[in-house]
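Look at the two complexes coming up: subunit A is in both, with subunit B in one and subunit C in the other.
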Partner chain A sequence: MTIKSRPIYAPFKLDVTGRVHLVVTNLAEAPVEVEEAVGDVLVWTVKTVAPGVPAPAARNLRPFRSVAELLPQLAVRLAQATVGLRIYAVGSEAFIWDAYNVAMGAGLDGAEVFTHHAGPFVRRVYCTHCRTMIEDVAVTIIPCPVCGAHLFVRDHFSRRLAAFMGVIVDAEVPGEIPAAEALIS
Partner chain B sequence: MRLVLGKIDVLGPSIRRFTLSPVSGVLPVAGAGAHVVLEIPGPGRVWKNAYSIVSTPSSASYEIIVRRVEHSRGGSAWLHDHARVGDVLEVQAPQNLFPPSRTSRRHLLLSAGIGITPFLSYLHVPGLSFEWHHCGKAEDAAAFAALLPETVTLHTGRNTLNLAALLAAQKLDTHLSLCGPESFMDFALAAAEHAGWPGQKIHKESFGGATGGAPFIVHLRRSGQSIHVGAEESLLDAMEAAGLVPPCLCRGGACGECKLPVLEGVVEHHDHYLSSSERAANDAIMTCVSRARTTEITLDF
Partner chain C sequence: MTLILKPAETFRGDYTYRNSDEAILRFPFPFPENIYMYAVNVEPHVRGGPTAAYDAVFDIDEHYVGDMADRAITLAEDPLRCQVLPHMAEAEWDTLELLMESLSSDYPEHFTLTKNGDEWHWVNRPLGIDEHFTFGRRETLPYGPFEYITRQVQGDFSIQDQRDGTLYMDGGMVTSQADWSLNFDIGMNFHEWHGPVPLAHEAGVFDRALQYLLRLQHGKPVRRLNWTLTANPRLDTSPENYPMWGAEKAEISPENVGHRMCLRVEVQTLTRLPRSNAILFGIRGYLIRLEELARVKKWALRMHRVIRDLHPLIIEYKGMPRYRQFIIDYLASFDDGTVLNSGTAPEQDSL
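What follows is the complex of A and B.
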């Protein structure tokens, strides 16, 4: 069954109306279709060669130590950039919407930002009770590591939070927690 | 509503400001970018022309600025040559198809000629961060300079504005708004596209409406009428003159309200609403400004 609130991701394709293209990914390497893209494409990745040591930069390639380093640098870059830039966020669903939101915050329009999912469909879950974000969830029921609530992972995706909603599963009969199942998508 | 001409100011050789006040009661508030449609009497027919409101939204009257168009179809010529203080005109309630984009942090405003008018109302918006370049003929320089604050750059010579460089230098949080004659708009839009502006960040308002052209015959399939459209009248005007009430709003090819399906014939598009692929499809016409390229055209109306 499709999830209405979950975006459908198109395959990577360069928007030829742009003048400068920047691909940001939380992966170590950009997917092969990015490598094959015709035109001048800048690629930002997350790749280290030792703890805290980013992989060497090359022409058009800039590896970061972490997503936590990459996203603020994206905001800096966007604040300096001029019109004609296109952003392509490639990678996990949580990352691409975080990057999308950074771009929106910098004043870009939806037509200037493209999201492409790559890798497994694990979910970032938002605990609606204590507002904790839980990364890389692959099952339908999880305990919140902060407030302890057993959360049912709803098929409800928020682009603003880049997360699925997690709501308490045993509110009516405390302690009655169904068995967790694997998330199929 | 019926409004009385309260004041006429001569701003330039062919530019006048008209103040329209209510005969009784209070005017509807018109926000930045709004326009009114005036019904202007002419020989044998009524001209319906849209003019931007340049007065503040809280003003008790509407102010419009009108250029006397060379080869005027009637509207602006009547206002310049025949209108007198105290005349009462039928005016349709204001519409706003060109409000400033409230979500944008910065605005680049580009105008030419009498396209200055919608942006004059933007000056009343508190806190609007904008860079405005206005292009005009040298003969209008004094009139435009008197209307514009010092922060606006007025270009009256040829090639004093490098549009390509200006458009390419804008930050990503900037919104582009354009108003001017068709040739200016086409040039600016092409420059913006070349600089990589996405269409969603561009707003435009054209004016001047229909320019006239070769006469043709329109067949209206559902109404069962065939109407001759003269060289100096628009398709919309001809349909209205025949007693029909086709949809319309801005009368300037901007809003899309008057779009009608085309069944036969080839369209000569003059609007700023349809995309290039929609134009190429030749299955819709904006009756307020577009005409037929063929001697006859059949519409589903």
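What follows is the complex of A and C.
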């Protein structure tokens, strides 16, 4: 069964109508299809070589120490954006929609931002009760680390929150918690 | 007929909510046939229908004061139950105008709107509100215009922006929802926010409904019904607060099911707004205890047959497995096998 609110991701492809192309990824290396892309592509990655030390930058390549460092700099970069800039967010589902939302917040048009999933299909889960975000979830039921509710992960995805919906599973009879199963991709 | 409002009832805690005989007879019962399945089931929202609940454009009933007090409690605890995205400002004023005009026209003894250019005067007697404000200037109201007026009208509301060939839920006042979250769904398009509903996608219901709604014309609102079951007459059956009210579902027993279990019906209205071209989606909920509903013979029999023969996926989606058999057993005691007419009218004038 498909998840109606989960986006369908097309393979990476350069938009030829753009003049400047910026790929942002939460991965250490851009996927091979990005490396092979023709044209002048800037690539931002997340990669360290020692604690607190980013991997060396190279022509068109800029590694950051974390997603938390990368995304605010993306916002700064987009504040100076010129017409013709295209953003390609590549990586985990949570990351690509976080990056997409940064771009929208900077005033880009939806047609100027592309999202491409890469890596395992783990989910970010939003605790509907205490609003905590839980990263890298791969099973159907997880305890919220903040409020303690055992959350069932619904097949319902919000691009705005870049997360799936988690709702308490044993509210009716506390402790009546079904066994967790692996999430379908 | 003048509408008599009851003093504030409670929709939580001691649950003093009750329906008078008149309120029972005007209930918008949702099952015209003995079998229920999802369908587009949209019809013009014109005055008049099987019961008096269809007589006004936006229906106010005897529960008004307590209903609005409960909304205020919910908003005080969680202000994010009302959110509007910034580009929807025009739709907010559209909504305020539509609701003020409708209420003052349908219930002049309770609501009065006086316009002098953009200087408006709004009087809501049941809630003791007397407001002078400037239309189009949000700083002249104590809340944003959408929140201001939807704090004074029964039912949840969302405002839907039309663009890119679909509708986006870009604002709402949602304090009495059947297990969906505005804070989670805001900004989603039509197919996304309906994602969790079973069966209907595959049947093409949402594709057809969307095409219909995209062509909705100003001055020609439409409506449809939806329903679910609620343990106790609780308005705030939100997923956010499910940890606080979920246990009430497990307390339903064969002994208390008639008193506590409520049929919850939504009369959903869709109205094209004139300036913004957005759609105002009204979700007007009505609650009736099974023991109240069963005083109308046709409804008791019809409801028994619908719940007994419901599709398993709908039973699951509506959260019924725990107490469905109690409902069937309770209603079976009324069902003498009489063949029922199609339609939802009560077919009796008194109880």
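In this section, the second predicted complex is superposed on the first by the 185 of 185 C-alpha atoms of A that agree within 3 Å, B and C clash if a C-alpha of one lies under 4 Å from a C-alpha of the other, contacts with A are read in each partner's own complex, and residues count from 1 in each chain.
In this section, contacts are C-beta pairs under 8 Å (C-beta built on N, C-alpha and C of every residue); 3 or more make two chains touch, one makes a residue touch a chain.
Remember, it's a predicted structure, so these values are computed and weren't measured experimentally.
Shared-chain residue A:D109: touches subunit B; no touch with subunit C.
In the superposed pair of complexes, A:R159 makes contact with subunit C only, with no contact to subunit B. Contacts of A:H129 after superposition: subunit C is touched, whereas subunit B is not reached.
Taken together, the subunit C residues at the contact with subunit A in this complex read 181, 184-188, 191-196, 201, 239-243, 245-247, 249-250, 322. Against subunit A, in their complex, subunit B makes its touches with residues 104-106, 167-174, 193, 195-201. Taken together, the subunit A residues at the contact with subunit C in this complex read 3-5, 126, 128-129, 149, 154-161, 165, 167-168, 171-174. In the complex of the two chains, the subunit A residues touching subunit B come out as 17-20, 78-79, 81-86, 106-112.
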